[in-house]
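Read through the structures below before going on.
In the two complexes below, chain A is the common chain; its partner is chain B in one and chain C in the other.
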Partner chain A sequence: MEKIDEQFAMPACINAKSKPSLFCPGCGESMILKHLGGVIDNEKMQTKTTLAIDIGCTLLAWNYFNFDIIQTHHGRSVPVAVGYKMSRDKRLVIALMGDGGAYAIGLQSLLHAAFRNNPILAIVINNTEYSMTGGQMAPTTIPSEVTSTSPIGKNASCFGPAFHGPELVRQIANPNAYIARGSVSNPTILEKMISKAIKNQIDGNFSMIEILSICPTNWKTDAKGSFEFLSKLENIYSLGEIIKNDKKDN
Partner chain B sequence: MTKKTTKIVLAGEGGQGIQTIAKILSLALEKTNCSVSYIPQFGPEQRGTPSVAFIQFGDEPIYYSQFSTADILVVLRKRALVSIDRFIGPKTEIVFDSSTIPRRIIQQNNKYVFGIPATKLAEEKFKSKSLNLIVLAAISKRFFDYPKNALWEIVEKQLYKKFAKNPEIEKNARDAFDFGYEFELENKNYSKAEFDVASGIIIKKNTQRTAVIIPKYCKGCGICIEKCPVDALSFGKTLGVFGTPVPEIDLDKCIACGNCFRYCPDSAIRVVKK
Partner chain C sequence: MEKKFITGNEALVLGAIDGGAEMFFGYPITPATEILEGWIGKSLEDKNLQYLQAEDETASGFATIGAILAGKKAFTATAGVGHVLMQDPVSMAENERLPFVGIIAQRGGPSTGTVIYSQQEVDLAALGGNGDGLRIVYSASNAAEAYELAAKIFSTAWKYRFPTFLLSDGYLGKQKTTSEFKKPLKPYPSEKILKESVEKPVHLRNCFGSEEEFAEVLKKNIADYKEIISKVAECESYKTVGAEEIIIAHGSVAASAKTAIDELRLEKIKVGLVRPITIRPLDCRAMLSVLRKAKRIYIIESAFEQFARLVIYKMPEIADKTKKMFKPAQGISPDEIIQLVKNNQ
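Up next, the complex of A and B:
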């Protein structure tokens, strides 16, 4: 059996000195990063990985790992990752962002990276709101969800329905691009998705995974309530690989 | 004669309810026909970062909301102390949570340093969330001699939404409030903080399984308890990094499925088969 120390319950590429991490109790992002670390360990990619992080709660990952991390401007983790990959094409490049960074301020960067089929992995953490600033309404907020800027529930006729990012990106992305949606409610499938996406990047294609996550602080839920709300989100945002819908093209 | 402007600093961690009691205190002081200013200061909307409230009140108009030395300073967590250390002057009266902060780390040799074991009281007698009301009641009594019922009215007005949800919360809050109001702030020797974060690693073994729990990483979110398929986990008595209870494991029930390890956001728990 391996030695029992402070690193015992975490993947080796996670920085034990950053613990306790800066995330809130029960944060889904922290869970996602742990599984990302686990996959990177399994693939033995620790010395070859670079992570670009966005503004928002994702920036709290600035010392989470024992590999290179770049802090970028808001919504710009994808273009920075693309540029980095162009100059260092042997490295595994991951762009981490929230749903605000990916679908609101940074949508054009994400769309064009998918359109050009740049070989990076974009991980989008979707918790349906802007969490760091106090849970404001985002494009991904589902209809009638209560946030701090939609106190009586999101009005879908005024602010639109829930924003389906991967489905949108799929429409213009290269056919070889791997686009999927996972959830923290099933970490095993999530790890498989990440490892598939990493292999797809090594083959020279764009990959994107949207991960439905929980935010107990801003949803004002306990452990049970968070996962109940997450299963509600999973009914609206269907999980799995996103396949191109050709019906509309014909 | 006019009352001199009194400056108060309240500090704790995000999620403790510092801004709630600061708001209640400001509203209460405003009722005494004083000028009051209240400035909150906190970082991102996040649990565990320092949350500070600056209050000034007095008969004279307040022209500027900042100040350099506090007259009364209340601090409820060790990590918040760093950000408010500079407001302590030689005459500052300090109130600190003696169950989580050892006296020695408050360096100053001020004459009035009062300990109130608020976390301990809240955990043992009431609910952990009522910590802020105990402190509010205690300082209102000690420093302003504020009438109890008038203060409770403001508390009720501010927290009516929470109270409406569950009458038990109101009863609990009222009990904690009453207790805090009767609590005597004294100058005592508070050398040991009983409710400090547990250090080291908890290892439990039986013939088939080994469970490892690291309390200094645990934030008490309760996800492992929620995700355990055989109910082998429950909250215990050890305290984690945010002063919240750490889960205890019943190894006879445990089937070593690995769910707690898989779902724990903070890498604080893992069970392995031998």
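Up next, the complex of A and C:
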């Protein structure tokens, strides 16, 4: 029983006053934040962490943790994190955003932070759509996926195929970067990725994790349907480490 | 007092350093580029000065905010289309009361080639973005003042916590003159805005649960802004004693007006100048003390009505006796001003 309690206990760095959660029931983002908090606890990083978040569903995390959080605009958490990190180079600085912020309106900043090897951790939550605005097509929307702006299914010949952000960033990122894609379906691996990404940032390098997530509200799916669609996404968006900074592993 | 033979943009960089600036974020854009280059040059001599040439002005503005949150006196400089992009971070700074500092080297319109004479970025600096224009905007009219104000804007921003801008233009920025530079006052200190405490973490946001919650924040910000007007607003009166006619102008146009006034005075035409040093907020009390006595007033600017709208809205009582001269994105010579005044005698 104790073991179960431990497993389900909320990480200590989470702000109890942020409960009840502002996220929709079943939202993948609150799972991601819990895993992030767990790793921050394990790595004893709470006193060293600063979090920048975008507008979009990520803004609902504005008071989620007991460390400083700055809410910025769409796609702008990356440059805010870059400026903050330049000023406070010993801090763990995380930019949390959705797939629209990272790969559409804020792509330029994400690419250049990776290109310059700015030592920040970018976490991108990919649920294949703009969720806060009611489920519109995003670059990550997969071909034939129905959203409110692709009502008969995304036509890949007009709007492009599924957008592979980490694979794109890899093309221009510094070899010392850490870039990975995880999923809320596998929390153990996800926490390992977050842990490695944090260490790589502390070593002075850009880190990025895309996390495949579920959005039952806009997907209009129940629990089973949500994880079935997530499984489909995992076939399109391969999970794993895309740049793992092998030099440091050796 | 120290004499130097330098450009306006060089004066702006020196002023920022003497005002305590530590970090610069920018993107090359005429006529502000020499501020970026000049700062980078200085950073080679002083390792405490940091910079980032960002991917665009949106990023340089938001990175400026990141550094400010960490307690650094950070700033940016931009112009034209870059200034348009800059409204995104400036709106955030305005809403979250962040001491954002920017130098705006005004240029004409959205295109290139018209980068010398312009006062077309007044609206954008003062009232741009999706807020209510709770900003402080200075306008420099020569290199010595550019230096002085570039130092001052950091203290103003950090003391009152409103985004603060200094307007310049290509003519002022690129012209090299010998000027006397006054040592600036001791800079107002900066401090960490994110306190890095886990017991009392700072959660800064501009998202709200309801219109009413947001309205409370705005109500306080507007009240604070009104409160500081008398402490921040500045203007210069030039040869206004006994003047029957008054020119109102700012920046490079005001410098031109001074030359025109000197010549007109030789011809016994009693004309003077009221020059707002802050165009937002305006020092209406000081301005009106001169303007009320004037028989005729001229508002002159290198834009179409932008500065005039700010002035007339705040001082509607001068409207009936005011004549206007607008030359959008063009320089205004002393001869043109002399002619304007003479034609109205």
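Here is the rule we go by: the second predicted complex is superposed on the first by the 234 of 250 C-alpha atoms of A that agree within 3 Å, B and C clash if a C-alpha of one lies under 4 Å from a C-alpha of the other, contacts with A are read in each partner's own complex, and residues count from 1 in each chain.
As a convention for this text, contacts are C-beta pairs under 8 Å (C-beta built on N, C-alpha and C of every residue); 3 or more make two chains touch, one makes a residue touch a chain.
Everything numeric in this text was worked out from a predicted model, so none of it was measured.
With the C-alpha superposition on chain A as described, chain C and chain B fit side by side in the combined arrangement.
Of the two partner chains placed by the overlay, neither chain B nor chain C lies in contact with A:S231.
Of the two partner chains, neither chain B nor chain C is touched by A:N42. In the superposed model, A:T50 lies in contact with chain C only, and not with chain B. Contacts of A:S144 after superposition on the shared chain: neither chain B nor chain C is touched. Contact with chain B, but none with chain C, is seen for A:P216 once the two complexes are overlaid on the shared chain. Residue contacts after overlaying the shared chain place A:N155 against neither chain B nor chain C. The superposition-derived angle at chain A (between chain B and chain C) is 100°, Cα centres, a multiple of 10.
In the superposition on chain A, A:M31 makes contact with chain B only, while chain C stays out of contact range. Contact with neither chain B nor chain C is seen for A:N176 once the two complexes are overlaid on the shared chain.
Residue contacts after overlaying the shared chain place A:W62 against chain C, while chain B stays out of touching range.
With chain A fitted onto itself, chain B and chain C come no nearer than 8 Å, counting C-alpha atoms only. Those residues of chain A that touch chain B in the complex are listed here as 1, 4-6, 8-10, 14, 19-31, 34, 57, 60, 131-135, 184, 187-188, 216-218, 222-224, 226-227. Chain B makes touch with chain A in their complex at residues 15, 44-49, 201, 203, 210, 212, 214, 216-217, 219-223, 225-226, 241-242, 244, 261-270, 272, 274. Residue ranges on chain A touching chain C, taken from their complex, read 13, 15, 46-47, 50, 52, 55, 59, 62-63, 65-73, 76, 78-88, 91, 108-109, 111-112.
In the complex of the two chains, the chain C residues touching chain A come out as 23, 25, 50, 52, 54-56, 58-72, 74, 88-89, 91-92, 194-199, 201-207.
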